[in-house]
Every structure is written in C-alpha cells, then in structure tokens.
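Next come two complexes, and both contain chain A; in the first it sits with chain B, in the second with chain C.
This part shows the complex of A and B:
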C-alpha cells in the first residue's frame, strides 16, 4: 500500500513591502487601536496587540464584573478535515478524541515521542470529519509531519478566521441583546452557529478566565462587523476592550498555562531536559492511557508506571501581597535547598490572595506542605530581599460557579 | 616560496595595513628570543600576544610587507579600503577579544540586518534578523518551511552549544593515557552523555552527513535549502551532496555578535582591524613585529627547533618556534626533510588543503541597484547571494572537479560601506564578492592574466544579471584566485581554512592524527594557525589554545587548573577590574 504523503498547504503571499512592518496588524486594529489610550502595544505571534487600553485595573475588573472583549487574531487556527480526521487527531493529542462529540470543544495537549509537551490548545469538533485546532504557537510543521499516512487535509486558517473572546458575568445577556437567541442555553465547551442579520458567527462557550464567557468566530472579512455589533449593544452591560495584561491576571487566577511562560515547547527547547510531560505540568486529566497508540504514549506509560516525573507545576499561595514573579523556591527558610521556581505570579484582586504557579522538583512536590520563596523588592531604587512562606493550593485559584451554570444568567 | 614581486607591489601601494619595518631594532645575532612566531595572521598574533602578556620575549616575522594574513584591510585603489580576503566577522571568540583588550585597541564588530538570495526572473528570498520578516519571506516559498526554520535553528543551536565549549580546549589524544587526555575524553563523553541518547545520534549524524541530506529533513523548498547550503560549501572543495558538509554549515553558525548565535557582522574598517588591534595589543605587551622578510627555514638542531633563517639570510635564534602557517607550508616549505619522520611527512603531504574559492574586491562609483530587491529594504545591507537551487550548486561543484571555475558560480556579496563609513568616501561603495568554486589549478593550464580576467568577468556578468547598473559603477576590481591567495597569504593551494574542515581533519585529527595538540615531531616547534583545532575562520581559538600549550610546557601555567576560562589563565582578578599580570605566579619555575 502506498503511504499517503502529507498534504501541501497553500502559500500565504506577504505584501512585497512587508519588511516595512515588523508586526502585522489585526483585522480588529481599526477599532481597537484608537481605544488604546496608553499606546502600550506588544508582539504576540507577529501581531501588534494591545497590552493595556486604559488601566489594568479597569480592564481586569471588567472581566470579573461586567463584560470584556479581547482580540484573538494572533491565535493559530488549523482546519483538519477528511475521512481520517478523527484517527489523525486521536494519534496527535493525549485525550481520547473518539469520545468528543460534534459540536464540542476540548482542551488538549500534544506531545513528541518522548512524551514532552509541544503545545496545548483547544480542539473544536464540527462534524464526524471536521476539526479545528487552536493554539498559541505555530504548529503546521508538526501537524503536517504527523499527517503522513492519513487521509486528511490540514490547512492554516489563522488569517482567514478571526475571533474575539467575550468574558465576564454579563457576557451571556450582552449576546442576547445582540440577537444571539438562546445563547444562554449552550453548555460549557459547546459550539453553536448563529446568523445575526448577514453576519455568520460561531459561538463557543470557552475562554481563558474560569468565568462565564464565550469565544466568537467569524470570517476575517467580518471582523469589524462583529466588533461593531458587540459595542453597539455593549454600553448597558459595561463592555470594555481588554489588553493582554488584564487577561493574563485572569488566566493565572484560572490556573491555566502558557507556553513560553509556564512551560517550554519541546519544539523550541534547546537545553536538554528543560521540557516537560503533561504529568509534570499537572495536566493528568488530559492524558488517556487507555486509548490506542498516540504520540508520546509509550514514554507517558513508563513515566506513570515508574513514577519518574521530575517535577510538577503546582499552585502556591504566598504570604504578603507582593507578587513573586521569577522567584526561586526553597524547602527551607534559610534558602539552602533550591527545589523549584515560580513561572507565573500575581496578587489576585478578586481572591485577595497572593498566588503563583511554580515548578517544584521531585521529591518535594506532593510531600512538602511548606515552601519558602525568595523575593527581591525594589523600593525607591533600593533592593531588599524577602523570604516569604508559601504553601501548596489547588488550581484553579478562582473558579466562579457561574462559569458552568446553564442556562447562563445575567449576573 | 615567497614571491618577492608580490611584496614589492604591496610596498608601492598605499597600504593601510602595512607596518613599517622596524629598522631601529638591531638584532645582534647573539640575541635569543623566547619565541619566534612565523606569520602575522590573526592566529599567530593571538598566540604572540598571550605569550608576550605572560612575560615572554616574542618576535613575529611576516613575509609580506603588511600584517594580517587572511584578516587584512588594504588600499589598492584610491581611498577605498578592501577586506581583501575574509570579509565578515563573527567567529572571533569573545574571550579572546576580552583577554587581549581588542576593543581598547580599536576593534569594533558591527552587525548587519538582512540579506537576500537573488534568483532569475526578479525573484528573491530575503533574510533578516527579525524573526517575523524572516518567517514571511520563507512563507513566500513554503508555509511549512517558514516554521521548520525554527526547528532547524533549535537543532543547530543545540549542536553549537555542544561544540562551542570545545573550541577553546585542546582536543584529547584518544590513544593516550595521560591524565589530561583522559580528563578531556571524559569531558567530551560527559558532554555527549548530557545531550541524551537521541541527541547523541543527531550529533554523530550531523558531523558526517551531507548538508543536502540534512536540509531535506527540514525543508521542502529547494531554494530555502540552497540558501542554507551556501554556508556549508564556502571554502570547501565539496559539493552540497558530499558527506561532511553539514558540519561546515555548523562551523559558520558558531559565531556570535552580542550573544545572538549565528549572527554575522563587519569589523569596522575591514577585517584588517582585527589584526591591527591584535598587533597593537601585542606591541603594548612588549612584542615586536618584523615584516617584509619571510622565514626560509626553521633551524633544527638535535631534534629541537632553535630559531629561523629569513629569506634575507638573517638568522634569528629562539628557544621556541611557533608557525602560524598551515601544516603543509610549515613542514614541506620550511623544514629539512631529514629532520622529520618519513611517515609524518607523508601525512603532511596528504593533508587536504584544496583551494576552491575566489574573491573579487570591487570599488564602486555608487550603490548598485538590484532589480529584484524593493527599494529601501534591509535585504541589501548584508549578504546577497546568487543561486537558484541545490542542483545548480552541485553543478557549480562539478565545474571545479573538472578543473575550471564554475560557469554559474555561487556568489556571496556584501557592500559593507553601507554600514561602515570608514571604508570609502561618501557616495562611493566597496563590494566584497566571495566566489565558490574556483580551482587552484586549471585543467586548461596555468593561471594567466587573461584567464584571471575571464574568471572575474564570469563573476561580474553573473552579478550584472541582477543589477543593471552594476557594471557602469565599477571603478576598480581586484580579482583573486586560489593561486593568488596562496602566493599572497601563504594558504596552501589557497584553501581558506588552512586545510579542509572534514571529520578526518577535525578535533583530535587536526591537522595530523597524533599531533592535534599544537605540538609537532620537532621539540620546541609548534603550530598555531587555522590548520590546528578547531580550524579556520577568523576565530582566534587555535592561536589561544597554542599559547596555552606553550605556557604549559614552560611551566608558566598551572596544570592543576585544567582548562578553565582564559581570564583565569592569564589574568588575576583584583576586585572589580581584571588587570593583566606579566608572569604567571602559579606553579613557579621560569623556563
């Protein structure tokens, strides 16, 4: 039997003078950039994206108190379709894709042969033969490598499909005002299509905030129409555009991980031994060893059986209210034994807790209940060293019951 | 052996790199130097500087009227400065720049932003230090390759991380049981082990495979492959399909400009600035340089080197002689065969140093336009290449095998004067053009002026295809074949690396198995040029390693220190500033 060759995706032709623009413009930029009063813009995946529109406080509290909208243009989106799409996805990710019904989304991770995480993302299933994989990092090279022998077509639809994420307690009622009839009835991780006038929108009840929220997907050409639709009705529900900084606070409260921040993709990893398995990232729930062969399975079976996880990402709570960014974690107050480091940290304004995600080495995770975190504080140009007590806590740090309630109310 | 006419030509030219003969120093024949270094190439000067800083009485003798070897800047036409041989700088080890205070002595390396591959039909593939621009340029040809390049970078950086620490270490002799060799082997083994099993296989493959096979594992676009393959054949008498070329690519990735792996830059003032700074550092440490009188013979008495005899007949006595020339030039050109073991001499004779590269230095009346490249793009600021496929590179190699220069050569051209204001007058430009392949010996016969011109015209016409106004801007062109490069720089057969960088001539095999540690069969005679580990390019590592070996031999270096960084070998730290110290106090005895 002839092995099917990987399909060749279409070329994306950049403008001849693309070199003049170091960062690409989002299709939402025409609306978003004028609202960015700080001019604080960042590079996310080659796009110029707003970091802060007005103040981090206002934007953060919009997520937890009203409705917030965030531009997902830089998100990578891959269409996977064809007779073997399910089998292909099932070999790709660690979850059992066969259990995922059409119209559902699941959070997935995918590994290399050594069981090391390449990236995480969301897998949308539209039908028996059509999926969409969304991730932060570019993946086409790996996705095509894995397609050898499968009857699937894989295309990069990142630039043709655009999305906004609408998060916050009033998000369901705002969508209703916009004409999304019955939107309150869709369950977490469910997908549904709407037609609002001429505008076709796919809505998924997903997000990055552990709160009530939706992601809205449209053709790139409809990006502005979607933005305008939301803002036309947004006033009453307190709609606010938010930048990366506020969203990042909400995602840490939600205990969610970011590649390049909380773990290094094994595709980008240079120093040997620095990448991590799903178990080491505390993502055990995404791994289904009972399903047939998948990338990294043998290594993960061995890791589980022999208990060879080298470290674990855990939640920490720390005394005081100073975020412990980049700190080293010790098992003793005198800071003699280094046992890990902090990957993400904030003072959580909603929980009023000082929280962090930290990588703790074996054998200290799971056994130690008291940690010490070393923090350097700059006070009026003077550096001061603090050693703070910390203790393990459950992730997510914040998870409001309304994120799951169906039908969703107007909170 | 030394071409006198050549030296005289050079004397007449306005030569910025020239060093006045030091007439004031009257050598009484009874004066005995601690060390005589043959050749003022950058490696010879690195060795000499380290030794002078350690308190030794060191003389460098250079056959040319100017210093620098293949790292040289010269004025051959009006006030244009050419980097006559090497033209981009990135391999020079930062440890050496720091130890010898080269920035203080005037060396500055400046980065450039982009480059391009020019193809027929106004097509081009741009390259840029900016990740996003680079990705989009690759995406013009393959969206998959635009991501695969991250994977390639990852794997190459992994290999570089493995090899880099080996650069400034003396390679072990795998057949020896001396503690040092065992420790070094163990170090190598540990480094390999730390890579992990899979990576270990990768390393072994990397060191032996062809660049063509290697790139096939990453890219689908032939053009993108051809772009990378260029650095794997530069200076190498192999084609992209020849095994061993993947390593040559890695060798070129090894450099860093301000810590960015693989980035290349210009030495401000041309590559001669490297050797000028070295010479200045050397003289500041009390060293002496004599130019315009080469070594005719190394004096050997009772199996020991005792000095050199110059072309002029003058004899210079020295306790130690260190040759910065390649192993073939040193032993077949400057030694009496009766002083050498026959087998060794055989191996030297068989040492592969095949010339395969030519060079054009061109003075231009203005900035040429390249029809494919958008105006104002960063792609013109760096290395522009002419090539269109892997196949065409291999065909270019076939021409070389058949004893002629490539009909459609691989060209690597840059216009440093866009970034470096010191190279030319305002509005004028200097272009350096590296050409692969060009043979040392032509099948048709000797290199003649007419053939040299025909070779130059082939290259100029190739460039003119992409730049309509190029020819009309040419004011002067220096055309150099491997044969010319040998005559001027002394590089055997014009091989730019002082011997090819293939596995059989690398690490503990470089240059000759059993003599990889800067020693030779003659006592007190050492090698310090690119012909030794870790090889060619303006890197300085061979010279530094050789200096360490010599200091070790005369007990001016603590053995117990092993091989830590240079700072700890040659400097003593006094609080915040490190000051050079004249003699090493560790492990006592004077020579």
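This part shows the complex of A and C:
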C-alpha cells in the first residue's frame, strides 16, 4: 500500500483587521441578532451566538410544544471522501461504520490509544465514499493524523456549510408548509436532499432534543434564504428562535453529553486520569469490539474484559426541585463517603422531575440504589446546605414516542 | 501459493536478524529468515567492486560486536577470523605530523594534550562502563498503558533494571556522577575544547561523537551519542578490528551458525506484507475480545509463510507503516512511528587501486590503521553544515581503511582497496543527484585525499561513491541512516524506536522488531537482535495466541 498523508488544508488568510472583532459573526446573524431582545450573547467556538432571545421559558417550551430553530454555525464539519473513506471512518470511531448505509447518520465517539474519548459527534454517510463528521470541538489535526495510509481526503467544511436545527412537534408540518414534500416520511437518522425553488437543502432527521426534529444543511451563501423560508411559514406552527440555554435544557432531558461539561476530551485533558472511556460515559452502545481494529480497541477490550471501568456517567433523579448543578455525590446521608459528582443538572419542566447526569465511581454505580447529593443554596445572600436523596434512573430522561414515529406526526 | 508454518519468521537477514534467528533456533524454534537481497548481512556485507576486488560496502570496521556474543554464537568456529586487531586511530596532518590514538596513549599533539589524554581516557572509560550494561539489556518501560501486559515479572524486571541503573550511577562516585551529569547534555565541540589544545586531537574525538549520525560537533546532544559509542565499545570488549574477507565474513559466520542451528534461510525473498489476522474461538477467544495478531508474511512473488512470531529486521517505520500497515495500529502509535527521523550525512567511497598509495608521514605498516581526515572540530562542522541546506561539503571529512594491507585476499595480488566513510553529503541534494553533481562530489573527495596522499588519483582503477541515498537504496536504510533511526536523545533507550514498542514488541500481537532501529541502536553490534530474541522467548509459543 502506498503511504499517503492528506495535504494539510490551506490556511484561510484572515482579513487584516480581523483582530478588531473578537467573535465571528454567524451567517444567520443578520436575522438572528435583531430578534435577540436580551442582548445575551455567548462565545461558542469563536462565534457570537445567542444565549437567550426572549426568555428561557418561552424558548424551552417552543422546543417541547411548537417549533424551535437554533443556529449551528459554530459546529465543526469535516468532509471525508475517497476510496478508503469507510475504512478510515471505521478505524476512527468505535462504531461499526460498515453497517451504516448511505443516507444515514449515526452518533459516534472516537478514542485515543488509551481508549479515552476524544470527542463525540454525528457521522453522515452520503455514499460509499463520502462522509461528513460533525463535532463540537476542532478535530482537524487528529483527523489528518488518522489519514496516514488511507486513500482519503479530509477537508474542513465548517465555514462553507451552514445548518439550522429545527426541533419540536410541529417541525415536520412546518417543513411541509415550506415545500419539503414527503419530509414526514424520512426516518430518524435518515438524510434526504430537497430543492425548494433555487434553494438546495439537505435534511437529516437528527437533533439534541429526543423529540421530533430536523437539521437543515445549506451552502453558507444560502443561510439567510433558509432562515427566511422557515420564518415565512413559521408563524402558524409557533416557530421561535432559541438560544443555547433552552437547547441545553432539552439536551439534558434527552440525556446527551457535552464535551467540556460531561466529559473532558482526552486531547484537552491535562491531569492524569481525568478523561473517560466510552464505557465510563455510558456509551457502550457506540462500541463494537468485534469489528476490525479501531483506535483504542486494545484498551477498550482490556477495560471490558477486566472490568476496570473507574466510573460511570448515569442518570440521577433527585428529591426536591432545586437543580443540583456541580454537586458532590455521596453514598451516605452524613456525606462521609464521596462517590462522584454531578456534571449536568436541571429541573425538568416537561418530566416534572429534578434530573442530573452524574459521574459515579466504581464500585458504587450499578450497585447502589440510593445516593445523597450535597447542595448549597443561596437565599438572599445566605447560604444553606441541603443533603438530598437521589436515585439512579434511565437516560434519556425524556424521550417522546413521536421522535421515532414515521411518517412524522402532523401537528 | 505455498503455505508453510514456522515458529518464528525473521524479515530481513541483516546481522541482527541472523543473531535473532540463531538464538531462537537454539531455543528449539523452527525459524525462517527471508532476505530481500541475494546476500545476507544487510549493511555488514562484502561485495564486488571491480573484477577481483571485494569491498565492505557499508560497515568496514568491527568494534561493537561483543566478545561474549561472538563466543556464545561460536563465530570463530563458523569461520570468523580477524585479519587485523588493535587498530590505532591516526588523525592525519597535512604536514605529516600525525596524532596517534592507541588505547589510553596519545602521541602527537601538544605536550599538554599528551599528558592529559590518559586521564581523559580513564574518565571516559568509567562513564562508558556505566553505559555498557544499559546497552546490553532491554530498556525498561516507565509506564504501561492499561491494556498492555501487566505481568508482574515484567514490571519487576523493569523496576530492577531501573534501580540497578540508579545504583550504578551512585557507584560512579560523586565526582564522576557530577561529571557525567554536567557533560551529558553538552555538545562534542565544547567537550573536546575543554580538554585539549591540538585541533587534530579535537577533530578526531569530535568525529567519534558524530560519525554515523547526521549531526555536527556543535549540535546539542552529541556528547550522549559519543558516550553511547564508548559504552557500546566497552560492552563489546573488543579492539578496533578488521575481519578477514571484509565485514561480510561476520554475516557469513552468522549464516553458518544459523544453518547449524537449523534455521531455514532464504535469499531473494523480499517480504511485501505482514499478514494480520483476528484470533478466534479456536484459540480460546470470544469474538469481542479477540486480538489481532501478525500471523505470517507474504513475499513479493506471492508466497505465504505462517508463524507465531514475526520478527522484523527492517527499520521500525517501514515495518509498521509499509509492511504491516497503519490500519492495524492506533493513530497515536502510528503518529509516533511516522515521526521517527532517519537521516544520514555520510557516504561511502570505494577505490580499487593499482598499488598502495603513499600518505605523507605514514609508513606502510601504519597505513593499515583507521585513518582520519578531520583536521579540526571546525572542519567537521564545516563539512556537515552544508548538508542542512541540501549541499555537500567542499572538504568532506573521511574515515579511511585500506583493508588489503592486512587482508590481501580482497584484491588481486599487488593491488589495493581503499574504503572510506565520507562525511558531509546530504541525503537529498538540492536539485537532485545527477551525473555532474556526483562528479563534482567525487572531485571534492579526491582533492582532499590527494592533499594527504599525493598521486593517489593516478592509482585508481575503479571508483565508487555511494551517497546517503544510494546507501538508502542498496541497504534498505531509509534516509541513508546507519541506525534505522537517528541516534538522538528523543530516540534513545526507552524512546527507541518510540514508547509502546521499546521492548522489541509492537502493539500488534506477535510482531517484534530486532533491527538497529531498536535499542541499543546501530553498528555491527548484534545486541538489538539478541535482546529481541530474548523478548520473543519470554512469550512461549503455546500461549501466544491463546488467553492469558
């Protein structure tokens, strides 16, 4: 086999005065920013992105009861193409990519040689030889290093492809109104192309909300046209733009993980022993040890075979209605034995449950059925300490049957 | 397609591969050696230069092959004879005022140099004594990945090795320990400058520090490569020697020893690929947990051979990336292997001479020694400097032997051979190697020779100048690197060839490495091959592909 290293992508030369603007503007910003009545903007991957447009409550309930749209501009997108694209992806991620058919998306994680998770993301398969990997963190160095020996071309298409995520029960009917004929028939994790007038849109039935929803992909130049198309027909379906905060609530309900929040990428990790394997993140379903060699396989085999997982991310439900952000978890009410900590927590308005994702150390996960969570509450400047009972529950905390239903419901 | 099953297959019949083969066969294994070329020995060979003239085409001096190993392998019984031993090193002077290094004695140079040299020599020998055992044993591993073997015995062995090293460091005594810690990070230029006055003395010692590397005396880390060489010489317990029949005789003796041990040897059998399989239930594995393992090789002409252990004498980078393929390894490991630097700035000059040349100020008797044309450390620096920019030296530095003095059998009666390592040639020449650039280089080399040995040009019947890229081609040594991986601080010891493979074992089960690219490195030393065999033998065949 001939060795071949994909050429490093050409550096995009920044404008001479780029430093004056600290955050990059999303191509949707011309439409999104005027709608942001709070001026609450955040930095996501170097982009200025709306955190809250109006109120978190309104936005959150739009996700669950109507239609919501969220700007995915800062998402990293990598095109992987070539004769060996399938073999390349299969060595990269822990899932068996050979089983993924063209026109399908799958949730994937990728590991280093110690079996520690580098990042998670979605892998789109367009054909036998073309894939797109979407992730939150930048991965180009890793992806290029993985290409050694494979006949593939890796390119960073993050800035040339833009996406909106349209989530909510009325999202299918809204798309139909927009002219996406037959959109209700695409199955979860399926991809299809549409042409609406001159606008070419790739639709995938994916999202972070564990509900009916779609992601809409266009050339960066068509970003505004996509936004306008949705909002032209959106009113009757209750479409509102949502910011990060509301989406984060939905993603916790959906039990999905975020790098930097629920786990540390092994690439970003500094302290020994702080990164985690897919098993430790509760992502066993993404690991297929029986497939051909992939990054981290030997380590993961050893972990599974010798049962050496150090901890597990699990779902917790907690008494009371106070979210237990950042809390330490104990095995006893007297808080003598520390056994883990909470990574994400909210009071779930839809489930009416106090939920959290928590990292629980071995051997307590899987055996203990009662945990204690320490919470500090600030009441008019006065700190109060609470010890709340918690118990393990299944993730996702919320998963509506309509998320799988095909044809999608016409709400 | 023939299928044959062996216990171990050695890819490459260089001297290290042969040592591994003998050691494994003696332990009762059925061993196959597959060599690409029509001759065994790799860079330890004798081959034709012109009709009747046979030259040591790469290595030309034997000084690193341990006495103990020679005895263990009974190389003398298998025909290894030394034509010359106890060779002196003579640093040539243009005016004929040469400096002679003979063990701990120095003649020539300044009076101060002469009186200081024995002390210097003793100090360095003490440090060499410290290094020697490190070279003769496998490097310990500082940390094991959680999926790597956790065998208690292995860990204990490494811990003992480290502890012993620490202890021996203490036993050096306070003065020598401090001395070593002070100089170990230095460059050779500064070291010789501290100790000596005469440019010739400095040049000769500085050349010892850098010969066979791509570095010049002022490059950081050249004292460690110097101590390394001294350590290897100390471990070998030999003097500078010249085998009867050239370096190929070492390999020939190894081949005989291998045959006697029952090794199957095949020439002209270049391996195209290492076969990788997934273990299965017949080997006691669940599908999920079954490891991949190197199960055999396939040659360029399509013959398959199978074995429990595949041991590669080919450089680690080529072995992993070309023969096995990156897809069988994790990206982190592939990245480290791919980053291995292999460079050389030395070529090889071979001259067939009508008659014995005359060197100014040297008697006929003295001509049989190791002759250096390295007038000063600066001269070496100047010779190597241009290689950084893809150019060759105006005045290359030379390590010369005239092997026919001690061994007339190498050339027709009355005629002679000159073999010289030529320092100061880049692997890749700016603009590429062309007939004119080769001619220009040869002209530079001959001009240097001519100034020390007037009239030598007229004696030349046949000449050959191998550039580092010719060496890369002829000896399958990428970059023209003598060591299958530059001897730099980051590629030493437990970093050689890289962590995760520093104990002759790759992360791919059953795939071992035994060449110079592994600890303790290059030179006709045989230790990489010896240590690798020991590592293979730690994994009994019956357990190789089964659990536990």
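Note that the second predicted complex is superposed on the first by the 409 of 411 C-alpha atoms of A that agree within 3 Å, B and C clash if a C-alpha of one lies under 4 Å from a C-alpha of the other, contacts with A are read in each partner's own complex, and residues count from 1 in each chain.
The definition used in the following text is that a residue touches a chain if its C-beta (ideal position, glycine included) is under 8 Å from a C-beta of that chain, and two chains touch if they have at least 3 such contacts.
Source: prediction; values computed, not measured.
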Touched partner set for A:381, first chain B, second chain C, both or neither: neither
Which superposed partner A:115 touches (first chain B, second chain C, both, neither): second
First (chain B), second (chain C), both or neither touched by A:14: first
First (chain B), second (chain C), both or neither touched by A:296: second
Partner chain(s) touched by A:22 [first = chain B, second = chain C, both, neither]: first
Which superposed partner A:273 touches (first chain B, second chain C, both, neither): first
Shared chain A contacts, counted only where both chain B and chain C touch the same residue: 114
Of chain A, residues touching chain C in the complex: 1, 3, 87, 91, 112-115, 142, 145-146, 148-150, 289-290, 292-293, 295-305, 308
Residue numbers on chain B that touch chain A, as the complex places them: 114, 126, 128, 130-133, 135-137, 139-144, 147-148, 150-151, 154, 157-158, 161, 194-196, 198-199, 220, 374, 376-379
Chain A-facing residues of chain C, complex: 145-147, 278, 287-289, 291-292, 321-322, 325-335, 338, 500, 507
Chain A - residues contacting chain B, complex: 8-14, 16-20, 22-24, 43, 46, 114, 138-141, 144, 156, 267-273
